[in-house]
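Below is one structure, written out as structure tokens; the observations come after it.
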Amino acid sequence: MAFKEILLNMGPQHPSTHGVLRLKVALDNEVVMKVTPVLGYLHRGMEKLFENRTYQQITPLTDRFDYLAAISNNLGYLLAVEKLMGIEVPKRAQYIRVIFTELQRLASHLAWVGFFANDIGAMSVLLYGFIEREDILEIFEEYSGARLTVHAFRVGGVPTDINDKIIDMINTFILKLPKRIADIETLLTGNRIWKHRTIGVGVISPEDAISLGLTGPSLRSTGIKWDIRKDIPYSSYQDFQFEVPTSANGDLYDRYVLRLEEIKQSMRIIRQALDTLPQGETLTKVPRVLKIAPGEVFHSIEAPKGELGFYIKSNGTDKPERVKMKSPSFINMQSLETMCLGNLFADIVAVLGSLDIVLGEIDK
Amino acid sequence: MSNSLAADLIIPIIKIIIVGLFPLIMVMVMVWLERRVVAFIQLRLGPNRVGFQGILQPIVDAIKLFFKEDITHTGVDKVLFNISPVLVLFSSILAFCFIPLGGTMQIGTYNLNFWVAESPVGLLLIIGISSISVFGVIFGGWSSNSKYPLLGALRSVVQILSYEIPVAFSVLSIIFFSQSMNMIDIVNRQKDAGIWYGFMLPVSFVIFWISVVAETNRAPFDLPEAESELVAGFHTEYSGIKFAYFYMAEYAHMVLASSLAVVLFFGGWLPPFPNVAALSFLHVIPGFVWYLLKIMFFLYLFIWIRGTFPRYRFDELVRLAWKWLIPLSLLNILVIAFVRSFA
Amino acid sequence: MNNQTEKPSFLLARVDKFITWAQKNSVWPFGSGLACCAIEMIATAASHYDVARFGMEVFRSSPRQADLFIVSGTVTNKMAPVIRRLWEQMPDPKWVIAMGNCAISGGPFPTYSVLQGVDKIIPVDVFISGCPPTPQGLLNGLIVLQEKISEQHPTKFIMKDRQHD
Amino acid sequence: MIEKLENYPLLKQVYQNLENRFAGALLGATFEKDELCVTADRSNLISILEFLKNDNGFNALNDMVGLDNMNTKKEGEKRFTILYLLYRFPGSARIRIKVDIDENETLPSIYSLYRASDWAEREIYDMFGLNFSGHPGLTRIYMPDEFKDFPLRKDFPLEGK
């Protein structure tokens, strides 16, 4: 039987493209024949802007890359700069950085669970996720004054020490969170509709995942144990005990279960970091005008969405010659078509949700 | 003015007006209730600024939509585009003619019936009339000359086609017992039987309920208007008062579905255990109130389901109908027929 | 200019008040997120701040059914025609909030690809500064918008017609 | 060079393999900040990457970086540089391949080796205007199609033309 393709244009304004992504979809009835993402609707020229800003001025701009995990971006960039300069960050500052990055990971994953569930139609979970996220943002606000674009760290450490109030807030939050996660799990994990929608959908094989450069939870869901926190430790992650959860099927359900498990592991790390917080300085002395001798460096961290890398080339002035960001969403987004082909139209939305993309990071 | 004129003309007209308004009032209540209840499920407050606890919110919305620009964009089939909201809304309101909102009340010598029309095939008519709404959805989706509405309309056709069958089968099992398609008779037979059909035929009720949730395009079966996939589904291109028609029609259909569930399975205007003498004081409360209480329960159920479940996918939805509900309802009918004829 | 100074008649003023009362209490935003500010917009709609109290939680994803366009984030030159078109697709009366510094003036991105202020392409009613504005800020902006709506005269066209006669 | 790699047995092995296989064809190698960087020529880029992927297990492309050396290049050097950041699962070893290229020259696309290079090459094409032969669909990825310039070139002003 001859079929007639429907060409559907999703976006740039569409409720579930997570921003201003545009997808050109070819459908045969509801079966997906082709998905072509069109990017650039949020291209802000960040990399060009970086070449015209000093090293310190760039740090707050990195917040605007992945606005759901601003602190991870700060950390990734700063670690690259510090590696390029060859300076060591005080131990206490490293621990504080770990605490805040892990809190940010919690916030990002909670928002992800909400958005993903909302894409599949369970709208209450979005709101539940945001309640807990709000608590984390309050901690950030207490620490730095900002909620979303936090700018929590500086070159050489962290600007201010954390006080007892913040530690109290984190402790209460950590105590509260497991119950909330359990709530979300009762709503979703065992739900038949949820399982129908996620198990066996958006499957990707480990070979494809590696070839496409997939990282983060999406890669781990195919069974490859790869977590930069464990494999190439940075910022004292080697001091903490935690597991890297993996699963074998590479479908949406696995990605969901993995992220919930990662939330639990992050709580473990935060607890350990708070218990063993060393005393001492929080900021190394760095010159106010930061001039870095010519050189180049690539450093990557495990952001909530995958591997976040910064390539920095310096030229001896206070501004970098080139900053290139390896954004996890950009790489993960490439695999959308592989995951979607032959599935139904509704699955595009679910797969897109599961990839945890942020357009600020994709379009730069 | 003679007594018979009042009985024959004026009272029916008043009844028609009331029955016409009743679903609309219920729609208003439902819009408010849904927004509040879903908000409470999600640990929010919901609209509470306009009127007492925000009760005027739906009215405010309606006024606003009424004064909004009504866009008919180019490339639209004007006749179908304009007729479909009307079809959708009025098909559901029309069906209320045959729904008994209460029992018969004795006022002097006059017997006041709480229904507009009594037909020996009332049930069939209701199912027929309410199915007209799918034409509204298809016309609306097709005439919009846009792809998302078209996809929404296509989904809607498949959905209604699939789920009409289990509804009909589960209703058929009622008719086995009531021996009538007259809605009033069905309620009276439940009184005679001393037990509501819902408790007698639980399988039929479950099939019926799942199917009507699907037919009203409510979560988890809200595929024709699935927001995360199809923007706003078949009414994406509608604005202003026409959109309000679609918006109200969705709730009117919910009220209709709940009313059907109450009348067919839960004894319409009857109080609980109508034949138990010890509970006869329940008869003091008018039948209309019982009916209202019961439909409120089912309407609440609609909202509760929406706040909890994820959305079905298109193929799962069709599979559920054809692989589970239809065979199950066939088997159900077989068993009931067997029991009816031999027991 | 004449009809602006002229006061509407008593009856029309009452009608105006009635209509604007309805309009300001039922502002349905257009569920369009552009960038960082969109996350704060969602946070405003979420449980902690709950914009639903003002009857504003009905985020319509179709511009045809929305009253308020919250431009929440950076508008790039590539996106600008889309924004303009979406705004044109919204039925009157419609309002626009420029949320965040990017939407107001390009914010921290004075670059080749960013539109330096969304008011260059569509008329803006309320500007909310911040990068991103806090949910409290957005709520304040919405209340300001409500005040602005309640001062409008939806029946003004009747007065205009009379003057043309 | 090889002494610097003494503490990194894996990279040392890889480097020795490369030396043995492409003796003389490698234009240079550096090792700083724990990162091995090998400079290759346009002509043998594909064979080096194939060798690294198939025989040395560098199965993932981490990222591709384009550089415009307009302000820093010396006389006679080419204007642009493309970096291929390779990765090895498992083993967590990284290697960087560096290729210099001029404005009018074309690099072979490595899409057949690493599918991840699809968008990365489009990005470089969009931002620097460098061509990749054999790429399945080399179009602009960020900027609109009617955009004429290449933003990340150093002679393009920040505010646009």
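Some points to look at:
Letters A, B, C and D name the chains as they come in the text, with residue numbers starting at 1 for each one.
As a working rule, contacts are C-beta pairs under 8 Å (C-beta built on N, C-alpha and C of every residue); 3 or more make two chains touch, one makes a residue touch a chain.
In this text, all values refer to a predicted model and were calculated from it rather than measured experimentally.
Central chain assignment: A. Criterion: smallest distance from chain C-alpha mean to the mean of all protein C-alpha atoms. Relative to chain D, the chain whose mean Cα position lies farthest away is B.
Here A-B and C-D are compared, and the pair linked by more C-beta contacts is A-B.
Our note on geometry: chain A versus chain B, Cα centroid distance of 45 Å, whole angstroms. Separating the CA-averaged centres of chain C and chain D is a span of 47 Å. The distance from the centre of chain B to the centre of chain D, each centre being the mean of the chain's C-alpha atoms, comes to 64 Å. The geometric centre of chain A is 26 Å away from that of chain D, both derived from CA atoms.
Looking at chain B, one finds that residues 42-44, 227, 231 touch two or more other chains. Counting partner chains per residue, chain D has residues 142-144, 151, 156, 158 touching two or more of them. Across the assembly, chain A contributes residues 14-15, 40, 43, 45, 48-49, 127, 131 that each touch 2 or more other chains. By the contact rule set out at the top, the touching chain pairs are A-B, A-C, A-D, B-C, C-D. Taken in their complex, chain D has these residues touching chain C: 142-144, 151, 156-161. If you check the complex, the residues on chain C that touch chain D are 77-78, 110-113. Listed in rising order, the residues of chain A touching chain B in the complex are 6, 8-9, 14-16, 29-30, 117-124, 127-128, 131, 187-188, 191, 193-194, 196-197, 344-347, 349.
Of all the residues in chain D, the ones that touch chain A in their complex are 32-33, 35, 37, 59-63, 65-68, 71-72, 83, 85, 89-90, 92, 94, 96, 114-116, 118-119, 127, 140-144, 151-152, 156, 158.
Of all residues in chain C, those touching chain A in their complex are 31-36, 38-40, 42-43, 46-48, 61, 63, 73-74, 76, 78-79, 82, 86, 108-114, 131-132, 134.
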